[in-house]
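Several structures are given next for inspection.
Next come two complexes built around chain A: one with chain B, the other with chain C.
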Partner chain A sequence: MISFEQVSFSYPQAQKPLLEQVNLEIPEGSFCLVVGASGSGKSTLLRCINGLVPHFSGGRLSGNIRVDGLDPVRESPQVMSRHVGFVFQDPEAQFVVNQVEDEIAFALEHAAIPQQEMRIRVEEVLGLLDLGELRERELHTLSGGQQQRVAIAAALALRPNILVLDEPTSQLDPQSADDVLQALVRLNADLGITIVLAEHRIERVLPFIDHLIAVQVDPITGKRSVIEGEPRELLQQIELVPPLIALGKALAWQPLPLSIKEGLRHSRPLARQLSQLQPPQPLKHSDVPVIKLHKLNSGYGQHTVFEDLDLELWAGEITVLLGRNGVGKSTLLRTIVGLQPIRKGAVEIMGRSTRGKSVAEICQQVGYLPQDPNALLFSDTVRDELLISLANHKITGPAALERADVLLHKLGLVELAEAYPRDLSVGERQRVALAAISVSEPQAFLLDEPTRGLDYVAKERLAELLHTWRSEGKTLLIVTHDVEFAASIADRIVLLGSDGITADGPASEVLGASPLFAPQIARLFPQTGWLTSQQALQHLLAKS
Partner chain B sequence: MKLHPLAWVAWLLSTLVALSVTRNPLYLLIVLLCIAIVGNLSPKSQTRYKLPTALFVLLLVTSCCFNALTVHYGNSVLFRLPEWIPVVGGVITLEAALYGLLNGCVLIGFLLAFQVIMQVITSQELVGLLPPAFYPIAVVVTIALGFVPTTIQQIGKIRDAQAIRGHRLQGWRDWLPLWMPLLIGGLERAFQLAEAMVARGFASNDRPKQIIGDQIALVCGMLLLLAGWFVRLVWGLGGVGIGAMLIGALLIGLTLWRIGKRSPRSHYRTRRWHLNDSIVLLASLLFAGLLLAPLDLLDRRSLYYYPYPELSLPEFQTWLGLCFLCLLTPIVVSLLNNPKEIGS
Partner chain C sequence: MNETIGLYIDRDSPLHRLNPLTKVVFTICIVILGFISPWAWITFAIPVLILIPMSFWGQIGVPYLRALLKIVVPLALILLVMQSLFLPGETTWFRFWFLSVEYESVERSLTLVSRLVSMTASFILFLFSTHPSRLMTDLTRRGVSPIVTYLFISTIQLIPLMRTKANTIMDAQRARGLETEGNIVTRSKALMPMLAPLVFGSLVDVEERAIAIEARAFRVPGKRTHLTIVPDSQAQHLFRIALIVLTVVLIGVRLWLSLTS
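The block that comes next holds the complex of A and B.
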């Protein structure tokens, strides 16, 4: 159904091709996952399927591509839109109108589909994606998961046989991501639509797929290669994999489990032999918390987001704040740094109230990274970004240059010092943003969804950086939906619900006991306190 | 039952005409009340866009002060500014201040009327009134309107992001860190949207067909319109001028219709035209015509209130005051049709 034969592609003015002699065969009706590091060429590969590459991007393409019997290079993306639906990472960025039904009908109106037929098709996709109740809603009032389902519905309205999705769940919380994936599974199973999906958090998707494509980059030569095949076979060749797969590979589980259900068949016999782990050691704290929230109330207009919230954050501790969308995690971070007014209660930093202090003053003590690091970056070079932050804090001249260079070195950005920040990969851009907020050497860091759009390599580097800061005695409060990342870094977990804090304690206790936020390893080995594949392996190998 | 967008546009036009032709505070009060009633009681189609009250106060104060400071005429002198101050120097009168206040009320009326339209019909319905030949323009306008709230949100995000880097807004140079990410982010969003639209088949039938005949016809139509207007204005040849303008308009209309036929589009929502729409359209057109048509039979002197040189009470003609109530037609027809819908 989709075949690539000796396909090579270079972007305009690029020195090296991004895709080199790619050969692929994606069977009709399959659910195919494309994995690879950021910048490896996954998105380019997907855009070749509907002709956006090279028609929209420009560049040189050679080789043969056949999609649904057509050549997308010859036919153009407009013709291919009848055969291939395309869904992008950010649903908001692809909406044309402002109402659910109108958005779905947009492509149909443009294709001059008769009104009666149009109504049937809109009803069809509304039903398929369970959007019936939202049909009259304005798009900006929907949650991220609902918006992404509308984007999928809009792509399906032209009744394509193939649906291509470029990281559709990267901006969603686990529940919303699951809703989107379940919708895709239904489309694949019930209608036989071929799904081709690129994703970084592959643990979410692996249970559903029957075909895997990996775009790999040789770390020494930088040469890219694309391999494909049956997921279990191919995962043996891929280095960076989710904890379940890593454990399965290390313990030579056969067949390699792709889901927790499959993994439990292997883990249960082992778990029976395990004795209860020692309870986690209570964390030792200094006398004064670095950040203290006392009976804190905050909200927007008439709407109260949280009230009477008490929380203490200590030096040398990584706290991860988890909770469903909309419970006020981001609002809490914004309130601490003064971007959101305090209605009642107090925020104290190092024992002093923040009342009356400007955001800039608070941020000298508390570095805050918002969800979209792009909003921070505007300079011509990475070094300039740091120098401007330093100038904001009245540090200029040779002292500023020296401090900027030290920080660039510490964050592994020396080679990128003269690069244009917005040309960098997602992970690199985020490090630059982290550098920009940490030049004032704050005592604490608040990070809002720092793993959004990061691949496994970038996440590992981020985790290393956070551990370094912790060892330097910094206080870290991290909001994330990425439970595997939370499991790998957190000392302490705080669960925020609509009624305030519902759980607060050591990561192994809180994550292990949470049905919604438990990581893969905690689900495989319940009541052991293990959260990562490294912990599990360490104990299991020691026992054997 | 919601009214047809065309009926709403007719109501908007008649409201704008009413606000433009009178400075009589009594009639202005009626118009403003009608707009407020229609705005509050009409069924809403989308998020209620509400302009801040502070903006209205600012408009009133600015308009009042500007007129008072620049028009040094009137008998009721409030105070004097030294003559040597350019423009504002001289007597400051109550009459000028009052006339400025009335102008402020007219501006507020304009804003409120547009606010009502933004509440009762969607931007898509509005641009849907354009002829099919303008379809790409209509889509671009829809997208541009959608970009406004997104851009406002982005400004807030970027301002916060720069504040957390210790940035403080003091001089004009300090705005650079705000504008650059906004501009670059806006371009990136535009690029993403363009890509998404191409992927969804936008412009699939729009391969440029350079039909020279259409272009010539459009240019000729425009020339005829201009020539007719010129002939009428300069030589006073009314018949010839109007004839040329009509032929020009017909030529442009026909050409646009031909272009529209070549790029067929269908509509998901087609609002049927109902009796209520006809009533609102007719009432709006009659009311606007009454205010504008040069008919000597009607006495419209009370429209032109002029407070100079000395303040006087405005005249009020009951029949004219009642005519202004035509602006309530959208509510009256809804009330007669389905009272439960009112205010929903």
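The block that comes next holds the complex of A and C.
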């Protein structure tokens, strides 16, 4: 169905090729996952399938590509659109019109499908993606998951045999992401559509796939290689994998389990051993709360987001705030730093109320990282970003330079000090944003969705940084949808529901007991209090 | 729920139900009428006697008046004062310190401002009452190039997207200690950190959307088909012709008047 033969590609003006002699064979009707670090060339590989590379990107491409019997390099993306549907990361960025039905019909109108036939096809995809009730809705009123399903429907309207999706769930919360994945599974199983999907959080997709492609970058030479094959075999060769796979590989489980259901067959006998062991206990924190919320109320216009919220956050503790979309996790962070007005109640930082203080004053004590680090960055160099933050806080001259250099060193940004921030990878940009908000040496950090768009390597580096801050006695409050990341860093978990805080306690207790937010290891070893593969492995291997 | 796309305000009114082309023709004719009118008071009367009553007919009277007061009136006043003070003239009306206001400069600035008022007021009414998608569908069906209509609609869509983005950026910059409120110096200093991420972010968005439509049969040569046909009527067709004929006649009268005088 899709074959690459000795395909190499370099972008215009690039010194090195991004793809080098890639050979691939994706069988018809398969559900194929593409994994790799950010910047490894996954998107470029996917865009070769429908001819966006090289037709839209420019650059040099050599080798042979065959897709559904056609050569996408010879044909244009317009011709390929009848064979390959393409879905991008951000649903809002790919919409052309305002209404669900019109959006789905867009490609059909341009391909001059007769009106009668068009009606039938629009009905067909509305049904397939379960969008019938939303047909007349304006796109911007839909949730992220609904929007992404509309994008998939729009891509399917021309009845392509292949659907290519470039990280379609990276902007979604876990429930919406599951919605989208279930829709893909149905399309693959019921209609036999070949699906090629790039995704970072691979634990969600592994149970459904039958083909895996890994784009790997050699850390020393920077040379890229693309390997493919049966998922279980290929996962043995990939270093950074989800906790279930890491555990399965370390304990030589055969066949390697791809889903929790398969994993439970191997883990049940071990669960008894683990339950006799004491799971790791959270570190002791100080007795003085750094941030204290007292009967806090906040909202927008007529809409109340939360009421009477009480919370105390301690020094030297990482608290992760979990909850479904729209319960007010981000609003809570914004209210603490003063970006959202307090309706009732109070926020105290180091024992002093924030009432009457400006956002700038509050942020000297509490560093706040918003969801999109791009919103912070505007200077020509990484060092300048830090100097500007320092100048905002009235620190200039040699003292500022010295402080910026110390921080660059501490966050591992020395080599990037003169780089242009917008040229950096997602993970590096986020690190620069973290540096920019920490120049005033705040006592606490509030991070909103810091793992969005990060690959496993970048997430590990972020976790290391957070642990360093914790050991320095900083207070950390982190909002995330990524339960595996939460399990790897949290001392304490706060679950926020629509009626306020529904659970608050040590990570091992709260995550282990939550059916919605339990990480893979907690599902494999229920009621043992173990959350990460490292913790479990350490004890299991020691015991054996 | 009131949904806004660009400047469009969703209502189920006779004005909203008019075919978009009728509103395009009407808006263009009103703008021309403002320009050819020999007296400023006629041009000023257009918004008051035609556009404002029409906005109430379209159930958007209150937001329309609010927009006029917030956008058009301040702009008109500033222009009126500046032009009256600095346009040259002969008959001095009054003097104040080193400034003098001449009768001719007031007359000319009134003409200019009246045209600006009737033009912006008619565009605002058009944008408030015309759904961008319906306009695009209708114009494409009538043979306007999809690239032209796409350019138009994507510009309109950009307005709310940029507004949201600007708010996100402002919050992010305030969180790193930037003062965005206070006197004019503080505010202008805050502009650069706001603009750079906004412009770069929007450029990325535009490129992403361009790639996305490329993958969906956009620019395929040949005719297009349409899922929905925006309703039109014989009466509206005749109305449009009548409007065009009337405007042409008025242009003729105006030319004849200026030639004979």
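We adopt the following convention: the second predicted complex is superposed on the first by the 529 of 544 C-alpha atoms of A that agree within 3 Å, B and C clash if a C-alpha of one lies under 4 Å from a C-alpha of the other, contacts with A are read in each partner's own complex, and residues count from 1 in each chain.
In the analysis below, a residue touches a chain if its C-beta (ideal position, glycine included) is under 8 Å from a C-beta of that chain, and two chains touch if they have at least 3 such contacts.
Just so you know, these numbers come straight off a predicted model, no measurement behind them.
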Report clash or fit for the pair chain B and chain C bound to chain A in the combined superposed model. clash
Between chain B (first) and chain C (second), which, if any, makes contact with A:88: first, second, both or neither? both
For A:377 in the superposed arrangement: first (chain B), second (chain C), both or neither? both
In the overlay, answer first, second, both or neither for which of chain B and chain C A:420 touches. neither
Once the structures are superposed on A, label A:300 by its partner contacts, choosing first (chain B), second (chain C), both or neither. neither
So which bit of chain B gets in the way of chain C here: 95-103, 221-229 or 257-265? 257-265
Chain B/chain C common contact set on chain A: 50, 52, 55-56, 77-78, 81-82, 86, 88, 90, 92-99, 101-102, 105-115, 118-119, 122, 138, 140-141, 154-155, 158, 334, 337, 339, 358-360, 363-364, 367-368, 370, 372, 374-378, 388-389, 392-393, 422, 436-437, 440
Any idea which chain A residues touch chain C in the complex? 50, 52, 55-56, 77-78, 80-82, 84-86, 88, 90, 92-99, 101-102, 105-115, 118-119, 122, 138, 140-141, 154-155, 158, 334, 337, 339, 358-360, 363-364, 367-372, 374-378, 388-389, 392-393, 422, 436-437, 440
Note which residues of chain C are touching chain A in the complex, please. 1, 3, 5, 131-133, 136-137, 140, 146, 150, 153-154, 157, 160-161, 165, 168-169, 171-179, 192-193, 195-197, 200-201, 205, 208-220, 222-228
So in the complex, which bits of chain A are touching chain B? 50, 52, 55-56, 77-79, 81-82, 86, 88, 90, 92-99, 101-102, 105-115, 118-119, 122, 138, 140-141, 154-155, 158, 334, 337, 339, 358-360, 363-364, 367-368, 370, 372, 374-378, 388-389, 392-393, 422, 436-437, 440
For chain B, which residues are in contact with chain A within the complex? 46-47, 122-124, 139, 142-143, 146, 149-150, 154, 157-158, 160-168, 176-177, 180-181, 184-185, 189, 192-205, 264-270
